[in-house]
Amino acid sequence: MIRDERIPSDELRRIDDEIRSNWETGSEVDFEEAISYHESLPDHKRFADVLESADKPLLQPRAGVPRLDDQIELLEYLHREGQADLLPTTIDSYTRDNEYGKAQEGLEKARETGEDTLNGFPAVNHGVDGCRELIEAIDAPIEVRHGTPDARLLAAITFAGGFQSFEGGPISYNIPYTKRHGLEETIERWQFVDRLAGAYTERGVRINREPFGPLTGTLVPPSIAIAIMLVEGKLAATQGVRSITLGYGQVGNVVQDVAALNALQKLGDEYLPDEVVVTTVFHEWMGGFPPDEARANGVIGLGGMTAAIARPDKVITKSPQEFQGVPTKEANASGLRTTRQVIDMAIEQDIDIDGIEDEQELIERETRCLMETIHEHGDGDVVQGTIEAFDSGALDVPFAPSDSAKGAVLPARDDDGRVRIFEWADLEMDDDIKEIHKARLSRRADTEGRDQSFRMVADDVDAISDGKLIGRPRSTQSQEGA
Amino acid sequence: MIRDERIPSDELRRIDDEIRSNWETGSEVDFEEAISYHESLPDHKRFADVLESADKPLLQPRAGVPRLDDQIELLEYLHREGQADLLPTTIDSYTRDNEYGKAQEGLEKARETGEDTLNGFPAVNHGVDGCRELIEAIDAPIEVRHGTPDARLLAAITFAGGFQSFEGGPISYNIPYTKRHGLEETIERWQFVDRLAGAYTERGVRINREPFGPLTGTLVPPSIAIAIMLVEGKLAATQGVRSITLGYGQVGNVVQDVAALNALQKLGDEYLPDEVVVTTVFHEWMGGFPPDEARANGVIGLGGMTAAIARPDKVITKSPQEFQGVPTKEANASGLRTTRQVIDMAIEQDIDIDGIEDEQELIERETRCLMETIHEHGDGDVVQGTIEAFDSGALDVPFAPSDSAKGAVLPARDDDGRVRIFEWADLEMDDDIKEIHKARLSRRADTEGRDQSFRMVADDVDAISDGKLIGRPRSTQSQEGA
Amino acid sequence: MIGNTMSQTVVLGVIGSDAHVVGITILEQAFSAAGFDVVNLGVQTSQEQFAEAAADHDAGAVLVSSLYGHAEQDCQGFHQVLEEAGVDAVTYIGGNLAVGQDDFEQTRRTFRELGFDRVFDSETDPEEAIAALRQDLEITPTESERVSVSS
Amino acid sequence: MIGNTMSQTVVLGVIGSDAHVVGITILEQAFSAAGFDVVNLGVQTSQEQFAEAAADHDAGAVLVSSLYGHAEQDCQGFHQVLEEAGVDAVTYIGGNLAVGQDDFEQTRRTFRELGFDRVFDSETDPEEAIAALRQDLEITPTESERVSVSS
């Protein structure tokens, strides 16, 4: 039975050998040589150090194209024209499915035709040398971003390839990203990823790990996201990771977002061992975007404003073309600069909003309920607790496509636009907290003169792309409209 | 000696006849016929009613091109694609200088070549019929926006042409817009404009008047702007105007901007007669914009956010091409939609920021000092008081190009980005208020390790276009930068 | 097969390894509310699973969703697979069908050529698809049959 | 005229009926700090006022600013007026020189053809103009003379 225990060194080596035989580039990895390679990198390419020592939110876009030279050009562009502080390399979907053969086909087709036939950079196929070429070409730290349930080979290759930050985790890259992978399976696989990062860390190469906070990106109640961040942070810490960036996706209500980011940092510091440096990352709105670049810039502006107030360590920016598809490099850079401008104009201002403490306290209480139930489900073991809690529905994620989560909990916005829980299903929560949500949601139902129903949830899902925060029924909208 | 007194009817008629003979289209004006024309307009084209009954900030762009058909097309576009609630017609610079002959040349050249050889719509040259064609073609209220010291003929023609809102005033369209016009002269001329609006008002056609709040658009301390708004509001009220929209230009500090808009509404209600309906208009940042559309969108986003919190009755939007020149219609519409998105996402949220009351109180006290000095300078007459106060420098506007203002007062941002007064010159202000400014500015000087000087002012002037709110010296920037 | 053309059963799913579930959650809801019997296969559904479910339920329509940009690869040979399973249903595809900022008319052509009866972009309101399906299933069943056979 | 070519006096103003004063306020400050003698004529300055001031002060350079989009009309015949007043100075123009979203290279050509020695866009940092003027006044006075005469 899998538990929250550190993988022994011999076991680490055994798995490492095994997974590296899954694709030809696996054999290029040599741990000792990789350590010296990392040691040879200049300070400004050390991801954890750069992130942890920053004194204002650093900006990072998403970006990945199949060919190496294109990826270099893209990242150089985003660094130069977008003034990104940290860079990403987003991995293609075949690699996420461990279909390295299909990724190879796509890569070759891309090389022949010059078209982007993959939706990301197939790092495994590029191998250690390909990754290093990228690391050397770009004058800033680069993170691997993906969505892979089994990212062991990807980690082995990209760590050896010089990347010092790796997104994801056993829950956050399972529940929102895949249907059929069991949690036990992904936890085991991510224990290896974290153990490998821990092995580098022990040798002085502090690989930064970043659980994916936004989850399904769609109206995720903050406490659910934070609880999952804490679990993944704990799992990573157990395996020896010492630089952990907990994530959170904007819900669009400024008070709730600032409160959530505060709670995330506070609970992260509390729940994770002292030897871990905990930082936070704020993702600009991860749900459906407006099909209009001008309006999308408004969404991005609100994200920047929220970041300026909450001051997370890092912000993942969106582009005005988010709705449409993978953005052009110009649009991607423009999302970065719009965000930078708003943050830099607002960050030196004293903006203390009323009610943040109360909302933060509520989020903390909710998160503690969830952490408590995980603890109980696992008799003190966080791995077992997580598996059991998801199984019973005591822990759940809205809109989860995964068979490992009930996906039965349903969120809706209250009258102030904060995300509350409309359908609790089996989610564990103190009754008085449920009452608070219920009261807030019934106030909204009153305002709108309609019952709480799935219609409200569906309206909320579409609201931001339709130009509002709250999915009001048509009739209320015309009443209040000018 | 000119005083704040209503122009007698016969005098009104005399001047009206006189100014209408200045250009051939003047003879088209027939007051009685114009009243019936206005009565024939549908409710949704009645500017004052639409504005005063709105329950969220209405958006209005700036726009004016020389040819009538182009202007119709432009406004239709901004209404349809920009979802502007209120539309503008911005007048060209020759008309502002009363050079109707040059405007005519420009208009004819525009008609021949299809090029925009004027920077606005020459309404006098288009005449009453041209204006009415515009009013009829557009399904929303339209305001005349200009910058004309002597706008008498423009008012006579556009009012008869069906426009129900008219921007400007004797100070706000003098001090920032022209060098050589005396205040006495512009006050006299605007008394006529207001009296004409008042004459329509008495007949049930409530012409909305909007003093130009941003003044020089460049770091204008809120109390100076508000005092001038109150003076112009009072002058208009004396002449019978009953719908007055007081303006304010964003300075970029959210607390100060919200406080200023609150103070503007409060003092407007207090200082203006009860029979006047006072509304407010917020201008998105009127100073130098970043030479980059992405960053400009950030500036616009901050404007939208401020509007969502302060809830003025109207917002004048900027376009992402503000830096470059007169925007394309697409860019203009995009500024509208970015603003709309931010406002609509944020306006239903409860965002109460600490310190707004205190800042508002300070602004109110400062404004009262200025109003008091005007009162004293004029022995109770606001016209004489204004002329004398500008003359002595007790009332002043930073960066004023006009010979009628000393232009000696210099603003600078404090450490929180609020606009304070660095050089008071002869501006009247209680000593304890001056002390507050001094303390706030010296805190900034300490932070930056430099003396207060014109360099600081110049840095602040460039700051937003350079991507920041506060013009920090390079060295501090690199210290704090990542 | 004649009896099937009027079937109100709609098979819905996200094809390939795409996991974007929110769109089909909304679609399921909307088609059910409009009176269709919806079989929602969820995300990461293979061509074979679509075919099997459509055959099992005598589906009148197969609605394929794809958001992540690999739709073209994922749909190669899909209509062949349906045909082999004896499925004779109207086929729609919708979502975000191309990688990057493509021109939608081009995308529509591509998927029409692959055999889909209708192609929807991601701005599609569920009501549009419902209206289209009502028309295709009840008013012009033979024509839609012809189109899907000639593919 | 030889003596004048090295004059450190700079006449500065905003031409036509343009009232944008902030730019020249900054420029005045920057040129003074750089050691030039600046005669700032302020906004809404006519061609004749520029010429008169330049002649009166034996100016080495005339710096024209225009922001509001009417520069081209306002500068027609300007160099003629300068010449008639006996002014032989380097002439620069800067600011926002065209109405709308024009291509700057095109704008530069237009104003070069009108006779300006250098044309600056509104992204110009005052330091650039100072460096250029130092060069034009001290290092290649004859060349700049030639250009302004041939206009």
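First chain written, first letter: the chains are A, B, C and D, and each begins at residue 1.
Quick note on the criterion: a contact is a pair of C-beta atoms (placed from the backbone, for glycine too) under 8 Å apart; a residue touches a chain by one contact, two chains touch by 3 or more.
Note that this is a predicted model, so its numbers are computed, not measured.
Among the other chains, D has the CA centre that is most remote from the centre of subunit A.
The geometric centre of subunit A is 45 Å away from that of subunit B, both derived from CA atoms. Centre to centre, using the average C-alpha position, subunit A and subunit D are separated by 55 Å.
Centroids of subunit C and subunit D (each the mean of its C-alpha atoms) stand 67 Å apart.
Annotation: 31 Å between the Cα-based centres of subunit A and subunit C. Judged by the touch criterion defined above, the protein chains link up one after another in an open path, with no loop closing it. Contact between chains, per the stated criterion, is found for A-B, A-C, B-D. Looking at the complex, you find that subunit B touches subunit A at residues 50, 54-56, 58, 85, 252-255, 290, 292-302, 304-305, 333-342, 344-346, 348-355, 415-417, 464, 467-470, 480-482. Taken together, the subunit A residues at the contact with subunit C in this complex read 93-94, 96-97, 99, 106, 116-119, 176-180, 216, 218, 287-288, 291, 321, 323-328, 331, 399-401, 454, 458, 461-462.
Subunit C contributes residues 17-22, 25-26, 29, 42-44, 68-70, 73, 96, 98-102, 122-123 to its touches with subunit A in the complex.
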